[in-house]
Amino acid sequence: MQIRKVLIANRGEIALRVARTLREMGIRSVAVFSTADRDELHVRAADEAYPIGPPAPSESYLKIDRIVETAKKAGCDAVHPGYGFLSENAAFAQAVEEAGLVFIGPPPSAIAAAGDKLNARVAMARAGVPVIPGSDKPAATAKEAEAAAAKAGFPVALKAVGGGGGKGIRVVRKREDLAAAFARASAEAAAAFGNGAMYVERFLEGPRHIEVQVLADAHGNAIHLGERECSIQRRHQKLLEECPSPFVDKDLRARMGAAAVLAARAVGYRNAGTVEFLVDRGGSFHFLEMNTRIQVEHPITELVYGVDLVRLQVEIAEGRPLALAQGDFFPRGHAIEIRLTAEDPAAGFLPQTGRVQALRFPQGPGVRVDSHLYPGQEISLFYDPMIGKIVVHGRDRADAIARMRRALVEMRLVGVKTCAPLLLALLDDARFRNGEVDTGFLERFVAEGTWQRLPELNGLPAELPAVIAAVLYAHGRQGAGRAVVPPASSGDWVAAGRREQMKWGGPGA
Amino acid sequence: MRYFAKVEGKEYECVLEGSNGTLSVVVEGKRFSVDLRHIPRSHTWSVLLDGRSYEFTVHEHEDALELAGGAGVFHVSVEDARTHAARAQTVGARGAQGPRIVKAVMPGIVREVLVAPGHAVEKGQPLVILEAMKMQNEVRAAEPGKIRAVFVAKSDTVEKGARLVEIE
Amino acid sequence: MQIRKVLIANRGEIALRVARTLREMGIRSVAVFSTADRDELHVRAADEAYPIGPPAPSESYLKIDRIVETAKKAGCDAVHPGYGFLSENAAFAQAVEEAGLVFIGPPPSAIAAAGDKLNARVAMARAGVPVIPGSDKPAATAKEAEAAAAKAGFPVALKAVGGGGGKGIRVVRKREDLAAAFARASAEAAAAFGNGAMYVERFLEGPRHIEVQVLADAHGNAIHLGERECSIQRRHQKLLEECPSPFVDKDLRARMGAAAVLAARAVGYRNAGTVEFLVDRGGSFHFLEMNTRIQVEHPITELVYGVDLVRLQVEIAEGRPLALAQGDFFPRGHAIEIRLTAEDPAAGFLPQTGRVQALRFPQGPGVRVDSHLYPGQEISLFYDPMIGKIVVHGRDRADAIARMRRALVEMRLVGVKTCAPLLLALLDDARFRNGEVDTGFLERFVAEGTWQRLPELNGLPAELPAVIAAVLYAHGRQGAGRAVVPPASSGDWVAAGRREQMKWGGPGA
Amino acid sequence: MRYFAKVEGKEYECVLEGSNGTLSVVVEGKRFSVDLRHIPRSHTWSVLLDGRSYEFTVHEHEDALELAGGAGVFHVSVEDARTHAARAQTVGARGAQGPRIVKAVMPGIVREVLVAPGHAVEKGQPLVILEAMKMQNEVRAAEPGKIRAVFVAKSDTVEKGARLVEIE
């Protein structure tokens, strides 16, 4: 069949990214939006857009019935779920199919098989994919979790049976901390996934998180597109990803790729998916989970393998066989993605809100930006703090790191603090540059605190910020320096001057 | 004109001198010739200083300017000489300590209120659970004390800086 | 040697692009600027920046002595010329070298050999590279040009001996038009290149313009990086380029590549250069000219061959041998570049000036932007109307065309008219999509005028623009519709309303 | 409220009706329910019309609005019903033709002035050569006539709309 009109059941950068490829394919795109999102770019970029409810995701982007109804009313023939929200919800895929629409993703059975993380463990072990020691049944209570943890051995990771992407995961190092952690994690899991059941796995110390992109069509062809190194994480949320992994050589790539294809086949997979592995220092890899949707970090694979994964998703959903075989794909160069999040790393990653006062994205050679940010936008507290992705492609890892550094230095965002200063410091860190990272590296790096040191800025004299601020202040208040400083159109500095006066009691105080 | 600028805790006395269309700033004996240009609609300033080029964005905060220049962010507060002198005389009177208001450091939704007026709290004890962007954050007591008032209830949406709890 | 600090003797997007790679290489960049350009991005992006004179290029960007002196004063060890301005001026390269600095480009002798377009013709013919019938000596007067034209046969192309890039070229179809055309072309050449001498070539009807990228190091290695299809031109100015050419197959690529390497060797070439060919319908190719600098359209080669040409330029200038051999380079996918020019194609490509009121560049998969535009910028009349380049990379030509179409639809630029509407129509043209183009195609397409038809916009009802304008107008004047239209912060519509009133006499007229 | 909007030469009568927070526009018997949002600082308007999404930038010109929506640009001029009626009465008086001023359609530098007062000129005859962005452009006579005045000299820099020559 030929897909002609697709509802994108998502928001933010991924909704925009999917709409872009749909437009390129000549397929009409249909956006949905909560009342908080009327002005968002994904609404403006789509051919059609329909409201689906209030800001809270549970009232809009997670409303299966309303989204399916919207798709039918709009005359869609398919639905793309993006990532997050309903993307790994088998009931949603089922509802889409029952409405006579194509779900651009795996069959509901594969989502269910992979989405029940515990059953997936069992299935993978059975298929011969190596797994981490841990539960073979769910823990509904702290007591049951304690029993499983005793068997696996501390430290353990508490994981949500219905979870994924690091959400609802807690690491517990000591038996006595388990009950409290279970309660909190289970509550978050219940809120996020509608299922509070947990399972327990041995927590591996110092592993790498490396995942493999797979593609399977409806004709029994399944291939992999190499790996992504995702060890730079904080609280199981990835912040920087690379393709290829500096740890993986051609041989390991072939072995992990083969295991990933095996994993995909084990759950009857179709469409694009990702098999996540934990890799220990010796190079042994263990199945972590399977993500049955497009990943946030898919652009690095696109750059290194020369593909458009969303286009391939649509083509597979249309029933077309993969046009190329495993041997036709090979990596070229090195790509890095960073996730720009509205979080202040200097304040414990506190979520930031506010209005985007000014914005300049990096451009030029080897730079790709996927972001729904726009000047004047109000960053809302209802959704994920990820406000964009900067992706670079270079000849090799050193060039890609230098390019990402350049891109971040070039970027300007006024009005909302982001994690960019931390990432910039990370790119300069010798251990990172040597590729010596594991999933705990970023948290240790943050804790070290050295990243907060003021950088050596182009030989910046220590006095220069003082000089500039004094001139701006004087300019705003007395018009001094007008000969060299053109008038500020905004008058911000007049206001700033007035406030300073008030704050410190004014001239007469 | 004399100004005092505090950059990340360190104070600099800056003397501005304009002549012949150029601006000089003398800071602690060093003279800087500054070519400073405002780029409209972008909160951006371009600085040429002895040939070196810097581009800063400026974001106003309540008590400081945030100057962001590519790889670095600086927080600077400025006052003129007169204000500086006046403040120096009154600073001794500012140390007094009364009841402490615990405020929201971010906007969010109140998921749990864990204390009530009259409760005694330990340092580090959770007071309120705030949720924003899908993450739950515990607001904890910075000092031991007794809850004097609670300003929010479960499910309230609060702005950054909103009063949550008063401890005495 | 290791280059540590480079003066970029240029402005606009290419100065910015060079500064980006220098930053990635850890090399300090030094910008120069005319008084019109103090606020430009190339000044802000560089590590250092120095004024070199008034706006007129002859007083600043073409001032050899001032630029070389600035480079020495700033402690540079090398100079990158970009394209245009002094980039193909042998005296400049000579002056740079005499000052003890490295010229990031070919030796002065190679610039002189290729830059004297007439001598280059002669040298190429001698080396066995096919050339077009025409002059073998310069014409200083219309009379001499007439004699040469009579020999070559009409129509002829009048070309500046010191020119290049299509500047100072006139096509003359009849003998009686030659004198007037010679006077104008010679005057322009004298103004642009300081040399009014011309030469004559037979003007080929309906050829393609296809050029080959070459790289030659200081150790005798010379390779090519395939071709670029540049037939989409207006008045010899390219507006859209592709890599690879839809006309060139593997065999022709190998033959043209070999001829280009031969041409480079014939003039003792070193660094990155481009050999331009005219290709007739039978696939015969003729040497047109050699461009001894980075080309405007270099990004399409970068995307398809996975290289950073500016980085390679610097590495070659440092004396490093090419790290890879001819066989290591192969094309992947298809890339297209469009040049965004501030010209109104609906008004005879009238240069446009004005202030950039709002700006949004395209982003997302396969899109690269190289531009010095910024919101609030005043487009000046002193320099080239090219204000940026949009470059896309796709799986094949059809995907790349669809991607460029998407990118142009996504782009927003308020305040200055550009050639984008014409290019958008071009991308939709069946002949272009079939690759049936020659160097005259764009001018015929413009003359056809069909591109000016209002496009079918997402099923846009004909009335919608009227509806929107009426609402905006009413909103500005009476506050009607305020319930659904948030207040315009700028008050533009109030002003617009007032002006409309005045223009048509106001309510009482 | 009634308005008249002219889009690329065609005139539409638009009746705006607001009720219950929605705006309807009736154009030639067709009713449009419009959800129109201004995106601050971007000259951009987002329109949802029966579910279809359009994004237009708006640029003010002297005599019209330029609405640019991705693949298309529309020039629209609007007037209210009263102005429209008033103009209809006076339009007959606007055809009078006096001396014609030839203006610069772009800013530029005057490279050559090819005529002088008193010269007779043919239709299409070059009057002035203007240079901008390295291209020379000939300004030609739109009609035959006699040069009454020349307002510029060689090497002058002129703004868009500047008077160059008067022909009678």
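We just call them A, B, C and D in the order they show up, numbering each chain from 1.
Quick note on the criterion: a residue touches a chain if its C-beta (ideal position, glycine included) is under 8 Å from a C-beta of that chain, and two chains touch if they have at least 3 such contacts.
Every value quoted in this text rests on a predicted model; they were computed, and no experiment measured them.
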For this session: Mind listing the chains that sit against chain A and also against chain C?
Result: B, D
Exercise. Once you count every C-beta pair in contact for both, which comes out on top, B-C or A-B?
Worked result: A-B
Exercise. In whole angstrom, what separates the CA-based centres of chain A and chain D?
Worked result: 47
For this session: Calculate how many whole Å lie between the centre of chain A and the centre of chain B, each centre taken as the average of the chain's C-alpha atoms.
Result: 30
For this session: Would you please write down the residue numbers of chain B that are in contact with two or more other chains?
Result: 35, 37, 40-42, 44, 52-53, 55
Problem set entry | Junction residues of chain A, two or more chains touched | 45, 47, 360, 374-375, 409-410, 458
Problem set entry | chain A-touching residues of chain C, taken from the complex the two chains share | 16-17, 20-21, 23-26, 45, 47, 299, 302, 306-308, 310-311, 332-333, 360-361, 363-371, 374-375, 394-395, 399, 402-403, 405-406, 409-410, 458
Exercise. Once bound in the complex, which stretches of chain C touch chain B?
Worked result: 31, 38-39, 43-50, 74, 374-376
Exercise. So in the complex, which bits of chain B are touching chain A?
Worked result: 1, 3, 5-8, 10, 12, 14, 16, 18, 21-23, 25, 27-28, 30, 32, 34-38, 40-45, 47, 49, 52-60, 62-63, 65, 67-74, 76-80, 82-83, 86-87, 90, 105-109, 132-137, 160
Exercise. Of all residues in chain A, which touch chain B in the complex?
Worked result: 167, 184, 188, 192, 342, 347, 350-353, 357-358, 360, 381-385, 408-410, 412, 414-415, 421, 424, 454-455, 457-474, 477-478, 480-481, 483-490, 492, 495-496, 499-501, 503-509
Seminar exercise, completed: Interface with chain A, chain D side, in the complex: residues 35, 37, 39-42, 46, 48, 51-53, 55
